[in-house]
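Common to both upcoming complexes is subunit A, partnered first by subunit B, then by subunit C.
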Partner chain A sequence: MKITVCIGSSCHIKGSRPVVEQLQALIAENDLGDRIELGGTFCMGKCQQGVCVTVDGALFSVSPESVKEFFEKQVKAKLA
Partner chain B sequence: MNDLCCDIGFKSINHTGEQLCGDHVDIAEQEDGSTVIVLADGLGSGVKASILSTLTSKIISTMLAAGLSLEECVETIAATLPVCSVRGVAYSTFTILRIIQNRTAEVIQYDNPHVILLRDDANWDYPRQEMSIGGKQIYRSVIRLQENDVFIAMSDGCPHAGIGVGYNFGWKREDIISYMEAMNLCGYSAKLLSTMLVDECDRLYGEKPGDDATSCVVRMRRRVPMNMLFGPPGNRDDTDRMMSLFFAKEGKHIICGGTTSSLAAKWLNKPLRPSLNYEGDIPPIAKLEGVDLVTEGVITVNRVVQYAQDFIGDNTCYDEWSNHKDGASLISQLLFEEATDINFYVGRAINPAHQNPDLPINFSIKMNLVQELSAALQKMGKRIKVSYF
Partner chain C sequence: MHKFDTKVQHLKYKVLREVARHAWNDTLMENVMDIPKAIVPGKVPTMRCCVYKERAILGERVKLAMGGGNSDNIIQVIDIACDDCPAVGYQVTESCRGCLAHRCEDVCKRGAISFDHKHEAHIDKTKCVECGMCAKVCPYSAIVNRKRPCQNACKIKAISINEDNAAKIDDEKCIQCGACVYQCPFGAISDKSFIINVIDMLKRSQDNSKYKVYALVAPAIGSQMNYVKLGQVITGIKKLGFYTVVEVALGGDMVAQTESRELVEKGFLTSSCCPAFVRYVKTAFPALAPYISHNMSPMATLAKYIKEHEENVKIVFIGPCTAKKAEVQLDSVKPYVDAAITFEELQALFDSRDIDLTTLEEATLDNASYFGRIFARSGGLSDAVAEALKEQQLDEFELKACTCDGIEECKAALMRKSRNALDANFIEGMACISGCIGGAGNLTHGEKNKAAVDQYGHEALEKTIADAVSMLK
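For the complex of A and B:
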């Protein structure tokens, strides 16, 4: 599974750094490092919906507050 | 013109308890590409000394840059300077460095510690001709310039550093020379060399300088061109033209902005690989084959502008950007220290996402950033060219 987080200006201001850090921690906690490829990308052109995160190409709008919920529903559930 | 240029940097510390410095450095450019640098040290300290040295350096640099003779300058100063009521004299010592078309240096010295010249990393005792103008004993030297020549001009506050604190007779000239020879081996910029010399004086004075101390360093270095692309073109049809002009230039290439780097990646037909390594609060950089540095846009450049304005002022953030690896620090290292000639390629595209009133960035800020950055870089003595697309 490939997760990509936008690190463009707009998403950066909306908190892509805490999103990336929480995702890195969650992946390590759940021991999913070998099943998930976490990457960054510059602007996806969907700045209004930032922080923009894609999971295998599907776009999600994530905030530092909702990362955990996003991870449970969209990542862990799908890999289980 | 040859391909040398001068890197000029200076720093002063004030006599303890004084708010103004009695030393003054003035730099004037001549139309023929020559530069006149004057370091003047006014009698005493504080306001009076500051007025004397400011007048002296400004008069000399302006008159010499306008092509008038040294004799006329000295006479003008003697006739103009206000006479000190305590000592009954009008007095300001000066050192003049005139870099003529980056080929020849003319050094004129009046009562300041003699200029130190490091050539091929060692002190070189250059010939001096003694002359008398208006009863003043003045030394003049004409020196053919070489790459890596480093001129170190000082006010007497430098060799006097430490008198009665660490040393009996102050910081001896030979010791200043060996200190600067060692520092110069590291390849530091003129600004950093002058800062290190004056900071060492401050330390020797026990951080309570007994005199104003100033050093001005001029380093002859080879020109290094650099190119920076910032923002997509206003009309997307101009992308090809912008990219071909940018990549055709010699020197390193820096790209700022997410969309801009994506366009460059498409043009180069190479993958753009953003990293997720955060250092500090600046967005991560990216890798793109054929480009020396790829960073995010406005946030990064905004920080570079802050560093640039600090660098030409108090230089308090130097440690922050000179050792770090975030986008803004890397750009600062390239632009402030490595480059001498910088070409900016600025796209006027308006990013619709940035027109959100909740965001602290917008189009006019972006255009201001470029103007502020190029103004600061010009003050560092760099040649700047800005092209808009």
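For the complex of A and C:
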């Protein structure tokens, strides 16, 4: 599974750094390091919806507050 | 009219704007000969002896605006625009009152000053070494230095006078800093522009569908276009057709982190951020070249990262620097940066599309830390290296930075290092006075620019280099 977090200016301001950090922690906690490729990109062209995160190409709007829920539903559940 | 420091810059801008207008409309080739007349219509000359000479010179400016010219050097003399300024050096003027004190005579160690029957001073040019002491001590300021502004600006002495009495650049020595471009009062030295390549790149991207065009903006932007908000400038850049805008300051953060480690490992380094300084070390002090940091410049470092992590991307650097135009032609940088333009040229691009920045919404620009952003001014890089050492718990290494503000100070430090007499382990080399905010490609240069860059630095979301860089992997 490939997760890409937008780290462009607009998403950065909305908290892409804490989103990345939490995702890294969650991936490690759940021992999914070898099944998930986490990457960044500078713009997804959807600045209004930031923080933009794609999971295998599908776009999600995530915030530092909602990242845990997002991970459970869109990542962990799908890999189970 | 937008704010420029001089009317020479404004004239150059008008040429760039007209060339850009035609390039967007695909009408450049059929109209290229008409641009001079469009800029200087009518019959009354305003700058030179006649409109025909004005137009002939504008024709040369058009060539440079299109990336042409008569050599490969980014910096070129427009021979017919050179006013053949006097270049006699120190000279006594009619302000000399034939006083009794003769301070000029007493201070001259070479005995070059003598007096005529009216007691007025004369300088014997066979003895004079142009030290300027006589001019300094004259209470009437009667002794002046008649030196060409271009030669005065070129502290590395790459400008001489050719057989026709016009300025001549030694392309081997020239470091493309652009000091002469900014200082020549006749606009007779100019930098080549690559705006038509950028326009072509943007058009062919078909709204970033064929490939994405990234704008990498230098941190000196914090001191420029202050008649609008920075966010409006960013919106303007996107309106030109760029896919997104990223701060080169993030490349500064990346460089500060790796360069500080390299410094600890090697014990002595010179910086590698300023392409004019790097070229100067390589050409004038080749024995010191091994000490140049192996990091690429922040621009190239960030561009490399982006090209290695994203597919189908083209990158345009926008900054204050004429030497960057040469840097992007180096084999080591060419794969990562597709073109470099200046803030001066950016303004011309905005106006060629009738983009009025004052009416635009503000977009966000925030990728880097305070430390990456202050690379734009002298001393900022040293501060960033000190911070990076601290953040990485490498502060048992004692940083002794020699901050060189301008190429003259760089030269002095490099000479001391050559003699093993430099009490420092890091040379921050910036060819322009004040650092990048003093670059020749800026629209304006002023006292407040340093404070403006520091302010821009403080506005960054990330406060540490480590936090700014942590997003990348």
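Here, the second predicted complex is superposed on the first by the 80 of 80 C-alpha atoms of A that agree within 3 Å, B and C clash if a C-alpha of one lies under 4 Å from a C-alpha of the other, contacts with A are read in each partner's own complex, and residues count from 1 in each chain.
By our rule, contacts are C-beta pairs under 8 Å (C-beta built on N, C-alpha and C of every residue); 3 or more make two chains touch, one makes a residue touch a chain.
Note that the structure is predicted; figures quoted are calculated from it, not measured.
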Touching partner for A:13 - first (subunit B), second (subunit C), both, neither: both
Touching partner for A:39 - first (subunit B), second (subunit C), both, neither: both
Partner chain(s) touched by A:48 [first = subunit B, second = subunit C, both, neither]: first
On subunit A, the residue positions that both subunit B and subunit C contact, one per complex: 7-10, 12-13, 16-17, 20-21, 39-43, 45, 47
Subunit A contact footprint on subunit C (complex, rising order): 214, 234, 243-247, 306, 309-310, 363-367, 461-462, 467, 470-473
Subunit A - residues contacting subunit C, complex: 7-10, 12-13, 16-17, 20-21, 39-43, 45, 47
Sites on subunit A touched by subunit B in the complex: 5, 7-10, 12-13, 16-17, 20-21, 24, 38-43, 45, 47-48
Subunit A-touching residues of subunit B, taken from the complex the two chains share: 257-259, 261-262, 272, 274-276, 278, 281, 283-284, 286, 296-299, 351-354, 356, 359-361
